[in-house]
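In what follows, structures are represented as structure tokens.
Each of the next two complexes has chain A plus one more chain, namely chain B in the first and chain C in the second.
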Partner chain A sequence: MVDVKRIQENNYDLITIVGEVDASSSIELDTALSEALASGHKSFLVDCTSLEYISSAGLGVFMSYIEDIKKNNVKLVLYGLNEKVANVFEILGLDQLLSIKKDKEEAKLEL
Partner chain B sequence: MFSRKAIIRLSTLFAILSWASLVFTDLSIVYSSTSSVDSSVGEEVPAILLSLFTISIFLYYKYKIEKAESINFVDLLWKVFVTGLLTTIVSLCFRLLLNLLGNTKLSENLIFLDFLYLINLGLVCAFLISTFVVWKRLILYQKSKFLLTVWKVFEYALLISLVYSMFKGTAFDWFHDYYIAILVIMGVFLSANTKWVAFLNFKQKWKGILLIALAMFYLGYFSFTLTGFAVDISVGTNAFQDFRESVFFISLMIFIFVYALFSLLVILFNLPTSSVFEQKLEEVVNFQRLSQSIQTEQSEDRVYDILLESSLSTVLADAAWVEVIENGEKAVFHTHNIEEDEILRIKQHFKDNSIKGILDRGSDRTKNLGKYLSTLKGIHYRSMMTFPIHVKGKQEATLALLKDVSDGFNKENAKIIDSFANQAGISIENFRLLTEALQNERYKEELKIAKRVQSSLLPKNLDQNEEFTLAAFSEAADEVGGDYYDALTIDENKTAIIISDVSGKGTSAAFHMSQMKGVFHSLAQLDLDPKTFLVKANVALSKCLDKTSFITTSYFVINTSKKTVDFARAGHCPTLYYNASSKSWQFFQNKGLGLGILRNSGFENYIQLNTFSYNPGDIIILYTDGITEAKNAKGVEYGYEQLQVAVEKAAKKSAEEIQKELINNLYDFTGSSIIDDDYTTLVIKFK
Partner chain C sequence: MKYSYKVPCKKEKLRDIRSFLKQILDKHGLSEIDASTLVLAIDEVCANLIIHSHNCNAKESIELEVVVKGDSGIIFNIIDKSEIFDISEYVEPKLEDIIKKQRKGGLGLILVKRIMDDIEIIREPHKNICRLTKNIKVI
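So, the complex of A and B:
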């Protein structure tokens, strides 16, 4: 039960994740992210304001692109994570590898 | 009381005895009446004996024919014919004897004539009663309560007429005639029941006509012969058993004749339509075959073959084919009386003339394809019908039927074949569902095995120690899970303890969990510090975890000589620690990163080695996120606070009790035994 949309804004792509990412819906997230990265664009903002829950499988999707992002010099910034979701990222340690910001303005500055 | 056989034998015996006595008494009465010698026998005795004889014969045939099971109609009529034939032959033999005697004295002797008459009477009686019983079965073939009642009344009325004939002296003539009239009216009414005729096929109908006509002939022959004798005898005396005066015989003969006539006419009129009835019956049978094919047949091909056969025989087509379309690959044909290249030519012809229809998976099935065939040279078919076979809403096959004559198929044909095609589709769908169900059943079995294997991967008994006790619990959400815990005694002072959670759940998680176990048992015995252990574990797992999988782990080494605990966290849930001396609870918020997230380099930069000293009464609670993220019906998470509250209450208790209270509290909170993620906890309590 997740809806992932990608739109182009100014000099970056905005990816919006709405809903819950669990084992089954993580496939959708994976498809969306891989399409986004395959597009050749280098700057992405990921809007997680409406991301209510993410399971370990969902985290696995983000994790699997970390090395690609580094290698291809892609900038991917997540923002608007609610407390619970942010906590999940932190416990796993993904906050150290992914750029996570409070809101869109802060995130834009990262690009 | 008596068995069927016993009754048949007894009635035979009674019939013979009563007939012999009848002959004896009647002859003596006739003799006495002609020679004016007083007979010692009363006049009513022969009548009673005749009635007894009739009843015995009736019982005989009732048990011989009426009670016999599963006799078809033609067999029943055959019985009538055989009885009639035998009795007629016997009767003819005596007639021959009489003719041989010519005009001798014996042939004019009244007693001799009466003897012959009585023989004929016995024979006709047997024939009439046997036919009567057969008629009864035919009339009551599809019985209603009303029909049954009328029949009973009729039977009892006949019985009463038998009794009445014993006292013929007291009768009034008008009553005699009325009685016959009533019986005949009832007989005619009953004769209207000829439903059995509809169930005969064409051939059986012809046989029926022949047999009934012969039975009527016998009846005619007997009434003629008997009347002849009766007239001859009555010239001399009136003191014999004249059947012409018997209500019973007259009504029975009329009834048998009327029913035979009715049946004959009904069969005759039903002859032209019998093929339609047979066809309908065949349609039903074919339909049933199709729907049953799923239970008995092993393959979809067989269903198509049955469809082909059934359709052919139902509409009497000259040729037919079923084309099975298999995912755009080359089609498979099931054919009858037509070659594959002929089919391809017909299809090509339709395609060339851009005729839309079922053959090219269009939806128009009403189109008369036959008229297009006439423009195709070298094909002698002039009528054609095609039907799609849908499985789960998708056209999977096409049925085509062909006839040599033009306009060879009618609407009814189309309707029935359409329902055949639908039924075939359903059969195939069911067949697939069944196969799938069997497959699923097998998977379930496999999963059960996997569950057994996996549960053996988790330690049954944890290594206990003088310094601390361990208690653990693990429950997987699916058959198999991705949680792992273990403990290993490294040497006399050191024990390694691990808890892991593989990302995702189910089978893939279970495989990775078993890899984690391998890694733990290989590396832990090397006496590595927790950070080095995690770094090496990351290297090992990076080579075998799939792209999106990672494992979170907390690794502890308890040193009982120094009374310290070294630990490191690889992305696992923060450990809950109870300090008994300060009575304070704390979640360790040290740095960490899940195993398998960074696979190339730099992993060690994210791992932190921590150490603390323990005191007796201290508690370490290890758990997986399945516990803290467990939700109740309202969607509220169990969470860290609730976890701490639950174990706080039990802080004084043993490790095992703490573990039990935690799990009980968790299940009470969620209010359901169905869990969404794997639950695992491991409690360490220092002594």
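So, the complex of A and C:
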């Protein structure tokens, strides 16, 4: 139900999330983020343009890496959230805790 | 108008629950954003029951009932034979604590409490009902 891909582009890794992240599929996002951060790379863009749905299970995955991201000076920027997905981040106030940008160009400027 | 749906306790069924709800909410004229927020809250409660109360045992089931009451809003009844955790008594953990402890769980019920206007647990002899009410105008 969710497909998470990571490719290297220039000076950052691009993680693309396609589909729905709920309690049954959040493990795939978790594995992908864990592997990405373990790679030792420091700059990540997360393309959410094809992320159709996220529940607390998916938000929890992002939250659980906030400490690691800070501690290891990693830059992780999400972009392209549709209105419904952005709304879920806002209800919890996660939009204040994660770096979220409108599109890829804006996101790249954050790195 | 009343709709009901019975599903086996499998995490993979959450997607079906969401489509069932979305169809109803679309039909009753809710905006895409309002509908998606309500679908999320119900998804959270169902995921909680399926995973924590039923250990994803597909032989067991939960039942979902949607009562659309026009001007007075929508009632969602989640009916379960097993014990239902009283969400209304759930004390929200601080987000900072969840982050510090690097916990992945604990956010779902916060969402439910923030989205719904009323949460009630009704205990009957052979079933428990988690009743979630949203005061929203529907057609």
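Definition applied: the second predicted complex is superposed on the first by the 111 of 111 C-alpha atoms of A that agree within 3 Å, B and C clash if a C-alpha of one lies under 4 Å from a C-alpha of the other, contacts with A are read in each partner's own complex, and residues count from 1 in each chain.
The rule we apply is simple: contacts are C-beta pairs under 8 Å (C-beta built on N, C-alpha and C of every residue); 3 or more make two chains touch, one makes a residue touch a chain.
Remember, predicted model here, so these are calculated numbers, not experimental data.
> Identify whether chain B and chain C fit side by side or clash on chain A in the overlaid structures.
In the superposition, chain B runs into chain C.
> Looking at A:Asn10 after the superposition, I want to know if it touches chain B, chain C, both of them or none. Which is it: first, second, both, neither?
A:Asn10 contacts neither chain B nor chain C.
> Between chain B and chain C, point out the one touching more chain A residues.
Partner with more touched residues of chain A: C.
> Would you check which partner chain A:Glu20 touches, where first means chain B only, second means chain C only, and both and neither mean what they say?
second
> Would you sort A:Asn73 into first (chain B), second (chain C), both or neither based on which partner it touches?
After superposition on chain A, A:Asn73 lies in contact with neither partner.
> Tell me which partner A:Met63 touches in the superposition: chain B (first), chain C (second), both or neither.
Both partners.
> Could you tell me if A:Ile91 is touching chain B, chain C, both of them or neither one (first, second, both, neither)?
both
> Answer with first, second, both or neither: which of chain B and chain C does A:Met1 touch in the superposed model?
second
> Of the candidate stretches 42-50, 168-176, 204-212 or 636-644, which in chain B collides with chain C after aligning the structures?
636-644
> What is the shared patch of chain A, the residues that chain B and chain C both contact?
In chain A, residues 23, 26, 30, 55-57, 59-61, 63-64, 66-67, 84, 88, 91-94, 97 are touched by chain B and also by chain C.
> Taking the complex as given, what residues does chain A use to touch chain B?
Going through chain A, the ones touching chain B are 23, 26, 30, 55-57, 59-61, 63-64, 66-67, 84, 88, 91-94, 96-97.
> Under the touch definition given earlier, write down the residues of chain C that touch chain A in their complex.
Those residues of chain C that touch chain A are 11-12, 14-15, 18, 32-33, 36-37, 40, 43-44, 47, 50-51, 95, 98-100, 102-108, 110-111, 114-115.
> Sort out for me which residues of chain A touch chain C in the complex.
1, 20, 22-24, 26, 30, 53, 55-57, 59-61, 63-68, 83-84, 87-88, 91-94, 97
> Chain A touches which residues of chain B in the complex?
501, 503-506, 547-550, 552, 570-574, 591-594, 596-600, 606, 625, 637, 677
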